[in-house]
Amino acid sequence: MIIKILTDNWQPLLTGFGYTIGASILGLIGSLVLGTVFALMEMTPQPLIRGIGKALVEFFRNIPLLVITLFFYVVVSHVLKINGFWAGTLALALYTSAFIAECIRGGVNSVDPGQMEGARALGLNYTQAMMQVVLPQGFKLALPSLGNQFINLIKNSSILSFVAGLDLMYQANVISGANLDPFNTYIVIGIFYLLLTGPLSVVMTKLENKLGGSN
Amino acid sequence: MMLAAFSATNLHYLLGGLGITIGVSVISIIISFIFGTLFGVVLYEEVPYFSRTLQLMVNTIRNLPLLLLIFFTYFALPKLGLELNAFAATVVAMSVFESTMISQIIRGGLLSVGKGQSEGALSTGMTKWEALWYILLPQGLKNSIPPLISQFISLVKDTSLATAIVLTEMTFRSQVIYGQNPNYMIPMFALITALYFIVNYSLSLLSKWFERRLSL
Amino acid sequence: MIKFTDVQKYYGSFHALHDINLEIKDGETVVLIGPSGSGKSTLLRTINGLETVEAGQLLVDGQDVASSKTNLNKLRTNVGMVFQHFNLYNNKTILENIMLAPKIVLKRGDQENRAVAERLLERVGLADQINKYPSQLSGGQQQRIAIARSLAMNPLAILFDEPTSALDPEMVGSVLDVMKEIAANPAYTTLVVTHEMDFAKAVSDRVIFMADGQILEDAPTDKFFDHPETERARKFLSQVEHH
Amino acid sequence: NHQRSQAQETDSLQTVKTTHVMRWGVKSDTRLFGLISPKTGQSEGFDVDIARAITAQIAKQTGTKIKPEFTPVTTSSKIQLLKNHQVDAVAASMTITPERAKVVDFSTPYFPAGQSLLVKRDSPVKNIRDLNRPDATIIGVMGTTALETTKQFAPQAKVIAMPDNSQAFSALQSGQGDAMTTDNAILYGFSSQSPNVQVVGGTFTNQPYGLAVDKGQTQLQHEVDQALGTIRQNGTYERLIKKWFGNIPGLDWRELLK
Amino acid sequence: MIKFTDVQKYYGSFHALHDINLEIKDGETVVLIGPSGSGKSTLLRTINGLETVEAGQLLVDGQDVASSKTNLNKLRTNVGMVFQHFNLYNNKTILENIMLAPKIVLKRGDQENRAVAERLLERVGLADQINKYPSQLSGGQQQRIAIARSLAMNPLAILFDEPTSALDPEMVGSVLDVMKEIAANPAYTTLVVTHEMDFAKAVSDRVIFMADGQILEDAPTDKFFDHPETERARKFLSQVEHH
């Protein structure tokens, strides 16, 4: 049954797999960049920038990804000509960046304050101490939670199916609408998602144990 | 023109959707909290065979998109004789998915209590389960409150995915309303964004309040 | 009371305890010293089954700790343990900390339980702190509560694992005072891992010196400090008494 | 509940009679056929009214009390729900096709639909042939037959499928494609609502709608067909056509009765 | 070198330093003792501006630390600090730890920088560890690296905040040896918070005794230990030397 679904639909499945991977990678890059910017904004001593950073993060964390996606798809697309794939991917990057910002901030906050003091006591200024000593350690501490965000991002890319983003979930609906076998079709699609998220989650667990163990 | 979107009829309809959103959320939160805690304890205690099987199930489910589980529950489970309407299917899918997420949180909370607490209890002659019940669980649950609330916020947001199986919750209803007139789009987006934000931000303030209290 | 015969302990492939042979008699006070990582804590923790042993025989109060038939929970009510970091229950008050195990393990009645707890708190000089939480007390106070918590179970033996090394120097004295009283009491068999050499000299009957998972010396206290037999022990003593 | 699914395995009509409920799948997003009204929270439209009339008629025929009950379905989910016995029958602007006839049983046609095009008023597109070029994008709806036929009539154009009608229409509005294609009646629904779009080129296929029951439910199918015949004769059908299609600019409702 | 005049320090409404008046001359070695929470660390940390002072005047190397015009980063290059928990940069190797501040603050050339670092590592007895990371070293080794890191900036004064109290007892000696050498060197003004009374007696010129945020005694070392003037100091000494 499952084999038949694979052989009958290898083309849409492969397309879907490709679009899901594409959206995930683009989403990851976008959200890492944006998330780091948000995190730095949230940590600056400058109150206005800090306020804006916090507000943006809170905003995107607290509304559903679907709402952001639909907004891009039906409203923003009037202005920028973007199709479902790009609407979904942009929404994904924006939404995820709020979580990434929190991970990075959490990582930096959990660096022993003695590290900052040690550097300041030797005459390094705040920026030097941050860039040379604290931020590199913060990133490392944030790695496990960043990894989890990446897994969430892959799963959340299924949002593209709402806006005809051609991803795996979209193909699942097309295929099961045609073969009337949702049971096996969704299992096949589930396996495809696990192919992406499973290994990553194993790596993340290992990493968490390793970092947790050495501290 | 745009303000016509906020007619009494439309608002009444949309708020009904908010009711469904909250209803699904509350029921799913209760169910998944109970099962998530149970699973979390089993994962933490490393019960032979049982914990490994559970871990495999948990890892499988939490690595799948929730949307897939919703579709599966609504369209595929009837093949196994389990027939659910859109509301029940959403509750079931969310409870299964969130239980696995919460089990990881509870396990983490228990781990964060530290080995010393359970060794203290064991060395006075308490059994493993007595130590768990009297010492570890109270502290572990307390440590889990902030991440649990974040998870509940996710859950509230994720109810919008049930739009896909025509559960007439808030996001779906906003689409019905702006389906009447494209001019209603922006007002509707603004309104549901505000409503989701209010619900979830209240939850996150609650979480921050707990965090502050716990750190004292 | 406690008897090790050819006991071996492994952490994975790491051989943490080598051929341990050791007997501690009822009422004895024994101090265990040695460099960091030498296996002192491990040895102590095997006695109440917090660590399992892989080979050899370990009898405690006549029961074989290594045997799966032994009820460890029961055994532990007879063997108290005091940890470096106190390990008081953070979610319970001082009084609850002391009363919890007697209540659920020994099924001691509420009234008696409370009377015992109060008497013990008196004895460790903290009768006025019963309703506080551990985090509200200093380290020295917490450690004295932890000792009272052990005593509340009426143990035959008490194991101390560096009970003063996490304390501020001024707090050490009050804890050692309580320990001295216990050591002097013939009702308790006392085994102490410590770096406090003055304390060891003052209260112990015997000293066990460990290094690399082995017992290198086992001698009466005076003899050990005056004429350590091994080069390793001499070097260790010179280091810890260096300043 | 268990009893219910047991009964359905054998005979939907029997279940309908014993439970006194006939469960219809109807659209929630299709103007004129099945569109949820924020006022009532229920779908309203020609399909819904037909389903009510048919249910009432079957009640008369079988001499039992039967109430209609409505579950919203999407174009891609309606067959699933029918096969899963989550509904007894579907009245959801569903085109009769040989493919679908393999998995469900259709009534005689109840609405003469055909595929057409909806474009913005300022669009140069006048008919389907204008779209037969590689840089044209046609918006369809997932799971509809229009996707296939469009590929036949405009093989060079790119066709994208949206999850439902309203999202397809949003896509057209926001310029995701040059035209939206689906059944004429549905497109008239949008054009009656939004003055900046129009239906062009007439119908280029003949694809009438049918009411559907699960494959093998011949008893229920017969009752539905009989009921449909009766309401056509007694004027109910005409009244409903006039009610829903009487005031659509550019459409003569009498055409639909032929 | 360092001069406090009526300095006050508050944490919120908590008065952490009361009326501090204190002068420390070039090259002097001063030990600061007192019970936990008495404000020793706070006093030390005001000297290099890690804590701000709310009132009074604090001159370090002629500059007013309290003034917003003072470039604290510049001042800190002249005042080294060694912490209880070492605070080595975990993300850098030993060599990088030592070379970072001279490179980016003093803009010292690579070659010279490396030569200085190697010479200092030699001096603290760790020349063979340059490419390891801090987590790969023992506490005692880390603390000696931290001292070398301070020395690399050619400071005029070095502040030590309980540099040995987080160490295993066997590690203490090697760190104290390095500190003795620094204390004996007249090029450095040395201020040490410590509980090691033997060390204090051996190396310091003067002892400052603090309690409750105040300086209670300020006396030559011999005089302080032989004839403490206040009851508080006598009690303190009896406690820490109790065992």
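Observations, loosely collected:
Read from first to last, the chains carry the letters A, B, C, D and E; within each, the first residue is number 1.
The rule is short, and it goes like this: a contact is a pair of C-beta atoms (placed from the backbone, for glycine too) under 8 Å apart; a residue touches a chain by one contact, two chains touch by 3 or more.
No experiment lies behind these values; they were computed from the predicted model shown.
Any chain bridging chain C and chain E, meaning touching each of them, is missing here; the list is empty. Comparing the centres of all chains, each the average of its CA atoms, the largest separation from chain B belongs to E. Pairwise, the chains sharing the most contacting C-beta pairs are A-B. Farthest chain from chain C, judged by C-alpha centroids: D. Rounded to whole angstrom units, the spacing between the C-alpha centres of chain D and chain E is 84.
Averaged C-alpha coordinates put the centre of chain A at 46 Å from the centre of chain E.
Separating the CA-averaged centres of chain B and chain E is a span of 52 Å. Per-chain CA centroids place chain A at a distance of 19 Å from chain B.
The residues of chain E never reach two or more other chains; the list is empty. In chain A, 74-75, 161-162, 173, 176, 182 are the positions where the chain touches two or more neighbouring chains simultaneously. Within chain B, the positions touching two or more other chains are listed as 75, 79, 164, 175, 185.
A list of each chain pair in contact follows: A-B, A-D, A-E, B-C, B-D, C-E. By the touch rule above, chain A contacts chain E in their complex via residues 112, 114-115, 117-125, 128, 132-133, 136-137, 140, 214. For chain D in complex with chain B, the residues that touch the partner chain are 1, 5, 28-29, 35-36, 38-39, 41, 71-74, 77, 80, 84-86, 163, 166, 169-170, 173, 193-194. Only residues 76-77, 79-80, 83, 103, 142-143, 160-163, 167, 170-171, 173-176 of chain D touch chain A when the two sit together in their complex.
Listing the residues of chain C that touch chain B in their complex gives 48, 50, 73-74, 76-77, 79-81, 83, 85-92, 100-101, 104-106, 146, 149-150, 153.
Interface residues of chain B, counted against chain C in their complex, comprise 116-117, 119-127, 130, 134-135, 138-139, 142.
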